[in-house]
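Okay, so subunit A shows up in both of these, paired with subunit B first and subunit C after.
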Partner chain A sequence: MTNSWLRAGAPPKPRDLLRFGPVIGFVGLFVFFSLATSTFLSAANLRSVLVNHFSILGIASLGMTLVIAAGGIDLSIGTAMDMASLGFIEVLAVGGSTMAALATGVAAALAVGVVNAVLVARLRITPFLATLGTLFIGQSVEQLATGGGQPIYLVAGHPLAIFNAIGTGIVADVPVALWIAAGAIAGFFVLLGWTRLGRRVVVLGAGPGVARYTGLPVRRDTALVFIAAAGICGVAGIVSSATIRSYVPLAGNAYLLDAIGATFIGTTLGRDGRPRIAGTLLGVLLLSIVKNGLLLIGWTFEWQQVGTGILIFLVLAVSFGHRREA
Partner chain B sequence: MPRRRHRTGWLRMGSLAAFTVVFVGFAIAAPGFLVVGNIANVVDQSAILGVLAFGMTVVIIGGGGDVITGGIDLSLAGNLGLSAAVFAVLSQSGSGDVLAVVAALASGVAVGFVNAFAVVRLRILPLLATLAVMNICAGVELVLTHNMVVQARSSLLSRLAGDGPFGLPVLAYLLLAIAFVLVLAVQCSPTGLRLYAVGGHREAARAAGLAVERHVGGSYLVSGLCGGIGGVFSAALLNGSTPGSGEMLLSIVVAALLGSVFSRRLVPTIAGTLLAVLFIGFLINGFQLINVSSYWVSGVEGVLILFVVGTTSLVRREMS
Partner chain C sequence: MTAPPSVTSAVRVEALAVRGLVKTFGGVRALDGANLTVATGTIHGLVGQNGAGKSTLIKIIAGIYRPDAGVITIRGRPVDHLTPARVTEHGIHMIHQDRLLVPTFTVAEALFLGQEPRRGALPVIDRRALRSRAREALHRIFDIDLSPDALVGELTTAQQQIVQITRALLNQPAMLVLDEPTAALVRRDAERLLATLLRLRDQGLTILYISHYLAEIERLCDQVTVLRNGVDVGTVDPRQTSTTGLISMMIARDVGDMFPRRKAGAGAPALIAQALSQQDAFSDISLSVRHGEIVGLTGLVGSGAKELARCLFGVTTPDQGTISVDGQTLRPGDPAAAVAAGVAMVPEDRRGHGVALRLSVRENTTLAGLKRFSPFGLLNRKAEHRETDRLIRALAIRTPDGNSPVRDLSGGNQQKVVLAKWLSCQSSVFVLDEPTVGVDIGAKVEIYRLIADLAVDGAAILLVSSDLMELSGMADRILVMYRGRIAAELLSRETDADTLMRFVTTGRGGEADADAA
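Moving on, here comes the complex of A and B:
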């Protein structure tokens, strides 16, 4: 598996088709939910899936994909989301301007990224443990800032222009949240696939030793990766808090496991087993329609969770099937 | 070579010294800290985390230390919640203690079996396989409990939550007993040695003729059993099953990983994990006694991980 990414031109084998497990799963579930319910295929429902499920998790998963592509992992993406949300809402709550709120939110998320960057690139702590430490410290910061976890709601009568713009606004018939997601996706697609930094990140993830011995700026790139990931997660946090018009402490961690799941489901898509933006987005879509579809066919909240778990498990089982002989 | 031993020895001393400094600091600052009752209390309250961290340690030993591709069992916290729910629901519907305990442990082992099957047969990355299983566990727990507290009272539970010989909590004794058994099985037996070999270098272990799959799979079964035991403990401590067990997951990971700095060769060991669990327990307890807000606890845990891991990687770099 480690070197298979080099063999780009090998002819496809029947087993390779198994790697389209996520695609088959997605299409199958889409057709199933469309047939099983009258509401799934409606424009309103699909829009709600895209806005409520896909956009926020999608943006956050971009950051996770970038870090995993560079050979690391970031457990603190939820912390970056929460910090951005906290800064954004807090500035608005004390009457600051919209621009100041946005800037504070993004800066707070970037600060999380800088902490990770220092820990991983400078102190050489493994990403899993470094970002786990950041996650724990972030939990304390959030609890201390909110008296143990009280949400911050914006009082009615507050000039809500920013919320209407980000949370519920519609431009050219498409919700603003989706525009933001589309912009972030396009940006990361270009970054990872078409820039020098992106190519170096791919090398770094595929062969860290190779990257170091060929003289690539490994430390600097690692630092940039963690800062960029935290930054994009900050955007996700701002979109999320604009949608619900409040800051809920520790809400971001709910996205952590889904983002990891989506990214790794995405890695099964290519023969090389590396993370890629398109694969991650398919993973996010898969998770989104499963949650929505199970709700629509009348499964209760409890069974939805069981169903989601089993479906992800099956997709993983099928997708990893083709690697068995590797 | 002597230099290497000297260096890691220093680090091991360092982590033990940190433990001692914290311990002595609290003993001076908080009058009620260094009392047999309080210490037993800490061990008692560390029982659940401890048992789960043992399971995690066994999986990490068998799977190797790399957290992404190596062994990890993210389903442990979910397993705890599920087993506690199984126990509480059966107990509430009038089943006997024996049946309830057996069912709780069986559900724990069943979860471990699913993990083992996914990791060994289906070759799914442990991180992902156990992540999916964690979701399934949490879901089944919700189905059983409808996200509500399920009260359970029985003679066994009150016995477990009560005091044993010398007036010390039963769970404290049980934690130490389980640790003792696992130290014998993992640290002092041929099977344990083979488990380390499998985790240390899988290909070499396979070439040497070890049954790699059986050892890796077995580690997940042990971990599942630990989850089941943790579930029974939690039912005893909380008088039934309460939602929210999933929040323990990260503490379990931290305890198992911190434990390796208490070992001579910086590898995960059962005794090291026990020390790490008690260390975290004493920290939380000491903060409570000197009236520091509990909001600081996770932050201090975070700094602790970073400090310990930072110095470890520093020493490792100088070693190589």
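Moving on, here comes the complex of A and C:
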């Protein structure tokens, strides 16, 4: 949309090409892993990447994208995921109904969002510190609730339809987890790009002073952003725990840095450097195949982080290199 | 006192001299061959209207800007490639308008930052010596007892200023440059500062003193240089020149037909403020602006005019008083309520408050009236495009199209986008805070025409400006604020620029003996 050279038909400048660093990187890595391993391109592996990496991180990153688009940051998305997961599994473990479990999970995540909303929008604590506080408190709550961090497993002989539905279910040849991700993505895409609220959020991020001096409901929007982000991360938490049929304390924190990374990789895609759903999803895909590919090549978990780090460095270096001229 | 102090004999070296300084900002000539000579051991004033080039000149002397042309000599020696650090090495210390002290430091730490007394040869700060020296220095220079342990952030503005000046003097400067030092001070503190400066001058210090307050200039300065349109129009002894004389030097007279002709409007009252007060800003302000009327509001920095404008829009909350629009009382401190009642604000800080630079012309333009383009909360991009294109044409905004980022537009066109934003929601009361600041002359004329058209169409306009020519040319009547109160209400067609300037700088009308407060 903003590719002026495409419209004008003028030859692309090198720095415009650099903008597609994440795309080129994705294609390059995809080809590389396909050639370097015999298993990467298999249907089973790609499905696993999509279900286990892309869908959960993708859903969580939607929330992060929304908050960053509004000019904030949410360090407690993992907490929202965990709270949802805890509520969901706990209700099932004590024999509650599926609906009750889902409702409890989402409500628990929204509660995390409300805490952030109060801290940021009402008490005017900077998002970084406010959500850091929520993160710490959430970690304690999780440990207290689980006797110091014991996972809650739903043992076999607990053949709940919900697990089959979310965790392993397939509808029209597509895993249910992916359907959920697709729905969430569509929802956030419309929210951020095509609604009044979304536009106000973008303005809040691009010019908080402008929002104030235009009489926009800055506080209400800020609150909504944090609540919506936590809510969608709750969905991610429920999908995650349905996949592994258990609640693992502090598991959500593993997604925090990836979600931030994916969002910022995504911002490099546009000339204006704003967070976008499409960009974030590309970032998520990139991170997902890097992890999976490195694992298949034989890099251990510890070394995967190095790979991810180098990737982010490269993308951001390229991006800032081109933005400095812009 | 009119004779220059005879510190040195026959050859008296100037502490500072600039010759032929030129500085251009994107087509606007801020300085156009300005000269300034400051004799050693004197207090030299620098005055001029906003936009005359004072702050540019100061920033060049401070080493913040590099001039396009011109020579600077310090004590007779030409210097180039000035940086703030080198200026300090040359013994020139700047006291800027915005106080540049770390609020979390104690007074003693702030005074000796970077040159703390050591404990013998150890790389450890001797805190006791630090405190006692701070106490001693403040007492010696300002004769005040300020606790060395007080936090800078908790001091009053005047105290912070004292700390800043003391800090500069600890470095035994040859010359001190003060930029509007009394703007934020109450009268008693301002008096004390002036007395101290006179004493320091008698001790041999050279001072360059920039102020809007002509009364201070007359009391303080041995010489004063008047800047106008980027050049020095004269250097005179203020004690042998009347206030009127100074003022007429400051005001440019060669204006063409910049301002559109328009009959003064007189519809129903639109914006009414009653007994509005805000601590440290303004008190007991009542005003009204009618539909079809342009009311000017002006005053020096610290007069409360800007604060009043922000308060009227609801960005800040008044301590007392009410604001109403078309008879309906506004919730105080709520910009959304003001916008809903039809109030529009064009803020002074265009890039921080007016437009979101990274966003497109369209996203900025439709922002205030977003509801009109989003039935059920969903954006109708087609309607947005149509409205944006209409406003781009109506306001002659020079942009490739509505999708271009506002950052790529010139200052004048950015300002038109701010106006377009409010036209998209059909506002009826406009608070315009310095709407043409930093705008080139062509765009200025277009903006004036837009403002006049709005008034003709029935909008009520409060034009806040420090450009007196703009006020005289645009406003039907002008409110002048001085130290937090409305000092005068003048009909512009009955008021000449000199009278207006006198009210602005002294707070009162007649030929001033000028020590007004």
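Criterion: the second predicted complex is superposed on the first by the 311 of 326 C-alpha atoms of A that agree within 3 Å, B and C clash if a C-alpha of one lies under 4 Å from a C-alpha of the other, contacts with A are read in each partner's own complex, and residues count from 1 in each chain.
As a working rule, a residue touches a chain if its C-beta (ideal position, glycine included) is under 8 Å from a C-beta of that chain, and two chains touch if they have at least 3 such contacts.
Everything numeric here is computed off the predicted structure, so don't read it as measured data.
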item	value
Subunit B versus subunit C as contact partner of A:R274, first or second or both or neither	second
Partner chain(s) touched by A:Q143 [first = subunit B, second = subunit C, both, neither]	first
Partner chain in contact with A:V210 - subunit B first, subunit C second, else both or neither	second
Contacts of A:W194 with subunit B and subunit C, given as first, second, both or neither	second
Subunit B or subunit C, by number of subunit A residues touched	B
Which superposed partner A:F128 touches (first subunit B, second subunit C, both, neither)	first
Those residues of subunit A which subunit B touches in one complex and subunit C touches in the other	none
Residue ranges of subunit C in contact with subunit A within the complex	313-315, 335-340, 345, 347, 349, 352-359, 363-364, 367-368, 370-371, 374, 377-379, 381, 403, 405, 421
Touching residues on subunit A, where the partner in the complex is subunit B	73, 119, 123-126, 128-130, 132-141, 143-144, 148, 257, 260-261, 264, 301-310, 312-313, 316-317, 320-321, 323-324
Subunit A partner contacts - residues on subunit B that touch it in the complex	67-68, 118, 122-125, 127-129, 131-140, 142-143, 146-147, 250, 253-254, 257, 293, 295-303, 305-306, 309-310, 313-314, 317
Residues of subunit A defined as touching subunit C within the complex	1-2, 190, 194-200, 202-203, 206-207, 209-210, 212-217, 272-274
